[in-house]
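Pasting a structure below so you can have a look.
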Amino acid sequence: MATDNQQGAFETNRDAEIKRGPLETWVGKVIKNPKRAYRSMFYVATVFFLVTTLFPFYWLLVLALTPNNLISNMGLLPKGFNPGVFVTMFERVPFHLYMFNSFVLGLTTTVIVLLLASLAGYVFGRLRFPGRTFLMLAILAISYFPPAAFFLPLFQLFTGGTNLVLGPITVSSPDLFNTPAPMVLPFSALFMPLSIFILTTFYGQIPDGLEDAARVEGTTRLGALFRVIIPLSAPGVATAGVLTFISVYNEFFFSFLMNNGEASSWAPIVAGILKYQGQFDTPYNLMAAASIVGVLPVAILVIVAQERIVSGLTAGALKE
Amino acid sequence: ISSTNGGGEGNGGGSTDSGTETAIDTGEVTEDITVQIAGDSRMSDNIQGIREILHNQGGLADNITVEVIAGSQVTNNRQNQYQQWLGSGREEPTLLLMDSGWTIPFIARNQIQNLSEALPDDMVSTVENEYFQASVNTAQGENGDLYGIPMFPDFPTMQYRKDLLRNAGYGDSDFEKWATESMSWKQFSKVTKEAMNANSDTQYGYTFQASVYEGLSCCDFNEFMTSYGGAYFGNPEENLFGPIGDRPITVDEQPVIDSIKMVRTFINGEDDKQALDGITGGIAPEAVLQWTEEPSRKPFTGGDAIMHRNWPYSITINGAEDVFGEDLGVMPIPYGVSADEAQYPMTGGPVAALGGWHMAMNPNAPSKKKQAGVQVLRALMQPDAALANFGLQGWIPPRPSLLDSKEASNVDVIGRYTQQLKVAGENAIPRPVTVVWPQQSSQIATEVNAAYAQEKTPQKAMSDLKSTLQQIENSQ
Amino acid sequence: MGEVNLEDVTKRYEDVTAVDKMNLEIRDGEFVCLVGPSGCGKSTTMEMIAGLTIPTEGTIYIGGHEVTNLPPKDRGVAMVFQNIALFPHMDVYDNISFGLRLRKYDKEEIDRRVERASDIVQLEGMLDRMPDEMSGGQRQRVAIARAIVRNPEVFLMDEPLANLDAKLRVHMRTELQRLHKELDTTIIYVTHDQAEAMTMSDRIAVIDSGQLQQIDPPLVCYNEPANLFVAGFIGSPAMNFVDGELTENGFRNEKVEVDFDPADVGATAGDDVTLGIRPEDVYTLNDAGSLANPTKEIEAVTDVLEPMGDEIFVYLLLSEDATVDLDEESRGGMTDQLLMSVDPDSDISEEQDVNVVLDRTKVHLFDTETGKAISHGLTATAPSGADGSTAAESDD
Amino acid sequence: MGEVNLEDVTKRYEDVTAVDKMNLEIRDGEFVCLVGPSGCGKSTTMEMIAGLTIPTEGTIYIGGHEVTNLPPKDRGVAMVFQNIALFPHMDVYDNISFGLRLRKYDKEEIDRRVERASDIVQLEGMLDRMPDEMSGGQRQRVAIARAIVRNPEVFLMDEPLANLDAKLRVHMRTELQRLHKELDTTIIYVTHDQAEAMTMSDRIAVIDSGQLQQIDPPLVCYNEPANLFVAGFIGSPAMNFVDGELTENGFRNEKVEVDFDPADVGATAGDDVTLGIRPEDVYTLNDAGSLANPTKEIEAVTDVLEPMGDEIFVYLLLSEDATVDLDEESRGGMTDQLLMSVDPDSDISEEQDVNVVLDRTKVHLFDTETGKAISHGLTATAPSGADGSTAAESDD
Amino acid sequence: MESLSETQFAYFLLSPALLILLLIALYPLIQTFGYSLFADQLTGSSRLGEFVGLQNYVALFTGARDFALPSAFLPGFSSSFPFVTGIYSSALMVTLIFTVVSVLFETILGFVQALVLDQDFRGRRWVRVAIIIPWAVPIVIQGMIWYLMFQPNIGFLIGTQQNPTFLNTLGLSFTPLRNTADSLFLIIVADVWKTTAFMALLILAGLQSIDRSLYDVARVSGATNWQQFKMITFPLILPTVLVAMLFRTIGAMRVYGIIETMGGCTTVPSLSCLVVTTFNNSMYATSATVAFVTAALIGIVVSVYLVKFADAEEGF
């Protein structure tokens, strides 16, 4: 009986279709079957986002492939085709070394941040203690300041300009200029509040029961953090990690001023990109090429890494 | 942890006044030593060639090696880096390549070595007597002492398309004349308009830079203004580099206003309410208001413009065989009034804003390094070395005389235009660099751009600017 | 050693006192069931013993050492959680072996133990499933296995069998008992299943509103409940309660009369008392033949019958106008009804007049006001002066 | 209307067939319990009816309409989940009123209904608690309330009372029954509690390994189980099974002999059969007096006694060397033991020789191989030639 | 360690994070605050002049320091905020507009992106890469991309008077990057392009952490997709969204890089622009002062925000 009804509905529908245009037909179908509407909305959204996010990259590619001299009155297609730019960019600047530096800086910072922020996130997300709100706000307040506000004292500290008085002895701080330390440390401090807040929300949402179970099984609270809470917050942890890593990868202020800009002095990718730039002349094509090389692999790597981190965390990377 | 620096006395770490003035042992260094130079990527790209020049043409001893760290080419960033390095008393690098546009603030802060005290007199006097005067001025302190050796000056010129002008009826004889005898803005605008009419498929007439940036205040506007006999602070000979607060502010004078009106005519045509009489209008696109060097060069290089003001680097690009080759013409910047008619000395005529870089010395460097640094400076100053560097890195020789040399004119592309450069160099006008220039510069750029964009009348913009500049002057 | 002592332990949440001055002595190797109504504080007590919740007041000892503030891992306890709490990111093997891996047992030992545990809970072949691929009962078995792979001194089990079917439950019950014997560990066990509590435990601790009501061996709790609460709580279906007054001649109310000498039970006439009698101790006159000490007849009419297969629950109304008010049956207190359990073969039908008698030896008396038990079972014979009409007297 | 039909419904996961060609017809307004061992596919069946899981094969109808692929919201069902699944970010009130708020009921109506539902589940005064501030049983009650505030055509309840104590469970049971009557909805109910299944349901559906074994009224399942599985599964403690052979004279094995004419039960001599007898139908000679149709005596010795309060379970060993092997008791099949339930007053002790008889009318016979039931209850008298020695004959 | 009280334990675990923050953040901030109490010093080897107390702050608020700061074009922008005058108020205005608009759009778009990425479909990983790469683009390059797109005669989005593009017909000027309103708009677009990924990533993580069985319950209760979103998804990821918004708000209020690389700090002077510009001009005391005032303003905005959402989520 039910099938009869449907049959009937289907028939009328077919009759009507003949007179309708394709759009109307589609609309009709959509009204009948809202799933279809969701599906199409979903595709429209996906395509929209793909176009809007990728278009500037296409534009970057157009710039890269167009010989620098011809970059003017650009249309949607490259003027000329100069794939050699991807070779030239490495000849002009040892870009891979800068990428490597960025990588090391990013990775080190990310590890430090995730470690410390995990502890802090655990504390803020799962423990109740006096001073909690105040400390959270205080940590947050660090993010209010523009990086320039930290710079001068830090520069002195890291270039040996600050004297530490330890009782009778006065030691001047070590000269860390041109080493990763004066970048990694400020990055860690400046990007940590974000991770702390992210992890706080994620850790706070893990049911107490699971932590309890782990503790009764014989972990310490910290053990439970690393074996249960962090793995279960894997998407959040991975995201905090990715955000931190990429922030470091892109950071400009400290990356630029805490070294002399040489690849051998741990200068990161931003310095590398700027290296292409002359005082007046700007080889847009080289910079575009360098950006593509600098960004695309990293983005892909980061996504792959994120997936691996998530699956690694959740599927027992912590297994002995 | 406590810091002896306490509440913010903020004395830049180890830097001390004394270091900048002591004489340096100028004798030979005997041991192997490496001198680190904070240069740019062009230098570091050419480091092998530079070493050869230093040892072969410059006669540098073999035990001294130079090493270049390539600071950012973006001049602001470089300045910033140097401020931190020198401010905190770092020992490296020994030598620093400094923009002539901001060497003076370092001098004012006692952050670089006083070369008049430290170098042998012969070196100092060579610089003072034989180098482009404008360049030398930007490397001197208030007391007239020398703090940097000009390595290469930079002067903008007017580039043009001979092929397009030929269509408008001009020929080689005109081009030859213009190469050394610049034309007036009136004529320039007329010629440009004619060429535009003769080449209707060419999009633009004259392209230059008028974005809100340092390049407008230091250079483009400075040139327009100076070529009309205007000046920022009255007589440039006396007041260009100070004394801050004790000099007139003259941006509201008629020549300055006229220069603004002229540019408005270029952009908006002769029916702009603030058009300048005698100037042919509508030769420059509105886009110049947003253009800096490269965006303004792109259309020219791309064949879409007839006239283009830019620095020598672009001559090399535009004069290359696969671009315009011999069809690229170069002349000094046109003038508004002749030097005689101009109110102040150093103004009027085919003025060119001064760019270029000096080599300065880090006073905190160990004395052995300073000693070797002096040897490097001496080697760089050798005429043969300067000429070789012109060929290698395109560094325009800092002594006018060298531009006349055979070697100079043999340099690829730019060698064809040494005479124009020499004229420009002799008429160069530095920006009024002082410690407050950075503040003044951004205000100037803002007001001038607003006036060009018809958002303010020239008079209003300049009187606003005057009062702001006054405040800045007074703040010191 | 695995003795567990709670001394005056109290746990207060903001507005709730979950556990109230609890004193509990559990001997080494003992199997104790905690029972009590939902929300009475059983889980909270377990959590405090495990160290997951810190008591607001009081002291906890395990094996003679104070552990009140010790972290769980140092207490040597294993726990099966009421909410199961499997680690969702680990497969069954990893869940079960979690505690062992923490303790760095070697691979083979772990494998051996996991295999053994999964055998016991009948999870062979599921070791690589993830928790979300399992049924409710399977998950619960994983949780049990996770606790039993370790050999702790104290097992805490919070309704470990709630999601299992009767068959499996019986199986698990015997397995746990065997385990208990083998390992000689202390087991504290929360259950809502009377059969579990009765068969497994050495002693049952009955808790109400955070307070310990009675802790005694199962049959003692069943036969000699300390108070109305325990009497009503232990036994399913629950004991019948009839409110009345104590007279010189025994218990009296409108419908029910039970004769005895108040002095025999150490009470004085005039008190308000509640009489308790379990459904299986109510007999129809037909069946009363085998009964040694019946009470006087009580007139009743049957209401609802609930056939259970192996017995039938008969709801009897004592007054004609009463209806079975399943809803408002409250714990303890007077009701106008009696529940009787009869043989499934009995030819009893709804709305039929039946006269019933109670087994005197199984009659409980409670002080209505305080709820305290006064006596369990009356003397075999009715006191002189009371008539023993229908009941055959035995000399047992 | 609320009839629910499953036609050949199958659900396969990667390597497991959770539900296997299930055919189930549930009538409008019926109360059906699904029972079966853990992991047999009960929850999966419920999920498919609710629309949360789409069957791999087969068709589902609700109220006569095909709903196989319809989203849950269009099926008019409410469900209590086995894993409870309260919304952690909502307080009790919001959890309960969730479905009503979705349907934009007005505030008063919502208040009224929530109050009613929370009354039923005895959660008054807890409406503003958050789920993590509640005990396991309290949470489960919220889950029940969340389902019953709505008046759907079909209720699905997956072990809704697993975490409740006996008392509360009885209360909830009657409440659900009342609700069922009032609303006249179809209720499909998963439970592991035999008493629940027996008392509440119109019919019980017994499932094993994803397959429906029997669907019949409770007493039919209890008294006339369709096969060995059902017989063993329904009833707690479980039915005793004794393997043997069918001879001309009836059932025979080493220890147990039951005389009857195979023709009477429609079987032929020589078949392997399994005899089933429930613990309450095993009598000691002493108690057998009341028994109309006893079998021949069986010699046994008592092993373990399990006193339950209202009865005692006695494990009998039939051969002397046998021990109670609680572990390997398998469903159906020969065991050397019998479980007997006796009155708590019986003076029976461990390791005592007792001879027992079975109630002939309660003897079940199954085909050992296929498990199919052959007969339930034997003719009142033994066939001629068999001796009816001890049993008194009645004319019933 | 386990025997520490909850409070002790909390502080114990926090100590490494607090230590590094103390050294790397608090110490320099105190130093910098010290700087703000001195006068600027442009000559001589000392970075700072004499002690002036709070005069820098006074000068900033009264507009007496405006000459030293980049100023916006549009006079309408220097509308009056209480207690703030002149350029500072216009910078505040620019910053607030930037913050509100960009954070709003980033949140909405990020949300939708996250919802898209939460679906299971073929090629999801690549769509995810696509959505995330803008976030990986260094600001210099981000600036270059958009700068060139809107550079007359280079990019194709800007036409000429004779040959306007559709953007021009919509009202974009022919030199949009020299004009405060237009460049602010374009800078917001560029920022939304880059940082939406930040939102999307965080929200996606939040979505992935939701217990799926809650949706089962909701569906059986009759929730439509929209209702599931509104009543389950949204409240459960709200804490994550709030954190993301909080940090984007703070980030946006400190915007500097993209402005500098696209329009220039003189065209669109944000609060951070003032800090960096004065810093680059060696006016360390003014820079420190502006930094502290900026931080205080951000603090105020954030407090308003926190108070407003405190009911929504107690997590903070």
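Going in written order, the chains are labelled A, B, C, D and E, and every chain counts its residues from 1.
By our rule, a residue touches a chain if its C-beta (ideal position, glycine included) is under 8 Å from a C-beta of that chain, and two chains touch if they have at least 3 such contacts.
Listed by chain with UniProt protein names: A = Carbohydrate ABC transporter membrane protein 2, cut1 family; C, D = ABC-type D-xylose/L-arabinose transporter; E = Sugar ABC transporter permease.
Note that the coordinates shown come from a computational prediction; the quantities given were computed from them, not determined experimentally.
*Asks:* Moving only to chains each one touches, count the minimum steps from chain A until you reach chain B.
*Replies:* Tracing touching chains, the least step count from chain A to chain B comes to 1.
*Asks:* Counting only C-alpha atoms to place each centre, which chain is farthest from chain D?
*Replies:* Centre of mass proxy via C-alpha means gives B as farthest from chain D.
*Asks:* Just the chain pair, please, that has the highest number of C-beta contacts.
*Replies:* Looking across every pairing, the one with the most contacts is A-E.
*Asks:* What is the identifier of the chain with the smallest separation between its Cα mean and the overall Cα mean?
*Replies:* A
*Asks:* Just give me the whole-number Å value for how far the CA centre of chain A lies from that of chain C.
*Replies:* Going by mean C-alpha positions, chain A sits 57 Å from chain C.
*Asks:* Nearest whole angstrom, what separates the Cα centre of chain D from the Cα centre of chain E?
*Replies:* 63
*Asks:* Could you work out how far the Cα centre of chain B sits from that of chain D, in whole Å?
*Replies:* Computed from C-alpha means, the inter-chain centre distance equals 96 Å.
*Asks:* Got the chain E residues that touch at least 2 other chains?
*Replies:* Where chain E meets two or more other chains at a single residue, that happens at 2, 23, 27, 31-32, 35, 47, 153-154, 236, 284.
*Asks:* Could you list which residues of chain A touch at least two other chains?
*Replies:* 71-73, 152-153, 205, 207, 220-221, 232, 274, 284
*Asks:* For chain B, give me the residues that contact two or more of the other chains.
*Replies:* In chain B, residues 1, 3, 5, 10, 12, 80, 203, 298-299, 304 touch at least two other chains, as defined above.
*Asks:* Within the complex, which stretch of chain E touches chain A?
*Replies:* Residue positions touching the partner: 1-2, 6-7, 9-11, 13-14, 16-18, 20-21, 23-29, 31-32, 35, 47, 109, 112-113, 115-116, 119, 121, 125, 127-141, 144-146, 148-149, 153-156, 193, 196-198, 201-202, 204-206, 208-209, 225, 236, 239-240, 243, 246-247, 250-251, 253-254, 256-257, 271-272, 275-276, 279, 284, 287-288, 291-292, 294-296, 298-299, 302, 315-316.
*Asks:* Would you pull the chain C residues touching chain A in the complex into a rising list?
*Replies:* 47, 50-52, 71-73, 77-79, 81, 83, 85-90, 94, 98-99, 101-104, 146, 150, 156
*Asks:* Please give the residue numbers of chain E that touch chain D in the complex, ascending.
*Replies:* 211, 213-214, 216-224, 227, 231-232, 235-236
*Asks:* Quick check on the complex: what are the chain B residues that touch chain E?
*Replies:* 1, 3, 5-12, 15-17, 76, 79-80, 83, 87, 105, 108-111, 203-204, 211-213, 285-287, 289-291, 295, 298-299, 304, 435-436, 438-439, 442-443, 445-446, 449-450, 453, 455, 468, 471-472, 475-476
*Asks:* Under the touch definition given earlier, write down the residues of chain A that touch chain C in their complex.
*Replies:* These residues of chain A touch chain C: 207, 209-210, 212-221, 223, 227-228, 231-232, 234, 313-316, 319-320.
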